Amino acid sequence: MVQAYILIQTEVGKAADVAQTIDKIPGVTQADDVTGPYDVIVKAEAPNMDDLGRLVVARIQVVTGITRTLTCPIVHL
Amino acid sequence: MVQAYILIQTEVGKAADVAQTIDKIPGVTQADDVTGPYDVIVKAEAPNMDDLGRLVVARIQVVTGITRTLTCPIVHL
Amino acid sequence: MVQAYILIQTEVGKAADVAQTIDKIPGVTQADDVTGPYDVIVKAEAPNMDDLGRLVVARIQVVTGITRTLTCPIVHL
Amino acid sequence: MVQAYILIQTEVGKAADVAQTIDKIPGVTQADDVTGPYDVIVKAEAPNMDDLGRLVVARIQVVTGITRTLTCPIVHL
Amino acid sequence: MVQAYILIQTEVGKAADVAQTIDKIPGVTQADDVTGPYDVIVKAEAPNMDDLGRLVVARIQVVTGITRTLTCPIVHL
Amino acid sequence: MVQAYILIQTEVGKAADVAQTIDKIPGVTQADDVTGPYDVIVKAEAPNMDDLGRLVVARIQVVTGITRTLTCPIVHL
Amino acid sequence: MVQAYILIQTEVGKAADVAQTIDKIPGVTQADDVTGPYDVIVKAEAPNMDDLGRLVVARIQVVTGITRTLTCPIVHL
Amino acid sequence: MVQAYILIQTEVGKAADVAQTIDKIPGVTQADDVTGPYDVIVKAEAPNMDDLGRLVVARIQVVTGITRTLTCPIVHL
């Protein structure tokens, strides 16, 4: 299992809608509105790195109002 | 009371209009056009962090011409 | 109660130590090593914004190996 | 007269000291600790652009604990 | 007289047109296409900081294809 | 011969199409989808710096879905 | 097998030494000096994401002269 | 002949010394102190891209007080 934080920038005024929509996507375990350089911070998980990439591209990036996502995979050092 | 600086990027050519419009929003105490990576710098205040977030999203980000806002809450260390 | 994500950059080679040390600080609820522009992502909480600022400066930033922290307060829009 | 916002990054743990020291420098009219990508935001003024540059280099950047300053001159469009 | 470098990002594929158009604007003394985080680098001058701000907003930012400009005033320290 | 890495940001959801399209452009020797601040990383080559610039502007930046490219020429120090 | 590009910033003047040293590390398949916001771009591979993280932290980040690494895992979408 | 702009960040308080020292290096045709995210902007030229890379690493980056350089080669599109 691979986990990651996904730092999301949205169009102005869309942060709340984006967080609510993402929160219902299977594989997403947290979704919070934040202030600062990012608008929404999400925690998600998938069986492996490629599936995580597909979750981000096929399920999260299609949410209306998202302009950039930055995926930060969790590593166990 | 929570105060914050809000660093704003605008569409090209819209900085002056954005600053003038924001300056009239209740809770905004300063609004200046600047050069550099940001186009307008605003100082604002609200009763608490959630209200500040709502002021930014519901009152400031809806101003035509804004592309990104970066909220920097003031802290008393 | 105010919650925030804290995105942390560390000196090269220090990420694992930093995450382990931060994980034991009262108020910190998550601390993960990540790859990408940040090295450790932390979730923390405090009674208000000023206390959160003090938690970051007085408890987290003093951890050896941290070079930058970026606090992103959670807002309920 | 030229005015500017100066966005300051400090060494970890030095933000409060930096803000207090800068607040006493002649020409500085505001100095606040903030969270986010910057640690201290300052407003300052000088007779012209060159004097403002010298104020930043000769009076502000010499304050112990500052690692980067970003000067954003105010313009009246 | 105030001089500045203006670092410009353009829409993809528009850098050459933008540089050629800007090169003919009065007050602009250099305009080069570059690779890297910026697409065009311009050197310009104006009688004072406010006029420089207006040159950027009223003459340069209106050029079709520009998405961001970053003005870096020259200072004589 | 000049070689370069080209770090590409795409519109959300377009990374896979962009990488596949770029991979067929003459002069491109690698094209991979990645996660992080960039979406596609490309390696390309051209006879000289100007030709490399033209390859990026005339062949790569015209690919639908690209929003920013960052060219990093390889140097032999 | 997981592959990644690793974008590296070095201390000034250390890029050539860093690239040469990294090029000999097992798991590293390319290491080039570049100009732009990064100084060295590396391609590396490991059996899984955690091993890749350990390769970066335990083998690459310990190379003298590196100040920041940015790991961009390759994904097959 | 290859030309480039080199955007330089310096240690706090060192911008003026850095600009003066660089201005005397053969191949450098302009060197100005600026405000904003960079501290000094230089224009330089060399017979080809590799020589330009060596000029930056061997002659410019060795100047005391420089922390980062960002080379932006000029391209004729």
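Letters A, B, C, D, E, F, G and H mark the chains in the order given here, with residues in each chain numbered from 1 onward.
The definition used in the following text is that a residue touches a chain if its C-beta (ideal position, glycine included) is under 8 Å from a C-beta of that chain, and two chains touch if they have at least 3 such contacts.
For reference, the UniProt names are A, B, C, D, E, F, G, H = Lrp/AsnC ligand binding domain-containing protein.
Just so you know, these numbers come straight off a predicted model, no measurement behind them.
A.B. asks: Identify the chains in contact with subunit G as well as subunit H, in label order.
C.D. replies: Looking at subunit H and subunit G together, the chains touching each of them are E, F.
A.B. asks: Would you say D-H or B-H is joined by more C-beta pairs in contact?
C.D. replies: Between B-H and D-H, the larger count of C-beta pairs in contact belongs to D-H.
A.B. asks: Report the inter-chain centroid distance for subunit A and subunit C in whole angstrom, where each centroid is the mean of the CA atoms.
C.D. replies: 19
A.B. asks: Per the centroid of Cα atoms for each chain, what is the distance between subunit B and subunit C, given in Å?
C.D. replies: The separation of the two C-alpha centroids amounts to 26 Å.
A.B. asks: Could you list the positions in subunit F whose residues touch two or more of the other chains?
C.D. replies: Within subunit F, the residues that touch at least two other chains are 4, 15-16, 33, 35-37, 52-53, 57-58, 70-73, 75-77.
A.B. asks: Show which residues of subunit A lie in contact with subunit G when the two form their complex.
C.D. replies: Spelled out, the residues of subunit A in touch with subunit G are 2, 48-50, 52-54, 57-58, 73, 75-77.
A.B. asks: Would you mind writing out the residues of subunit B in touch with subunit D in their complex?
C.D. replies: So the residues of subunit B touching subunit D come out as 3-5, 7, 15-16, 32-38, 41, 70-77.
A.B. asks: In their shared complex, at which residues does subunit D touch subunit H?
C.D. replies: Subunit D residues touching subunit H: 4, 52-53, 56-58, 61-62, 66-73.
A.B. asks: In the complex formed with subunit G, which residues of subunit C make contact?
C.D. replies: 9, 12-13, 15-16, 33, 35-37
A.B. asks: Per the contact definition, I'd like the list of subunit C residues that touch subunit F in the complex.
C.D. replies: 35-37
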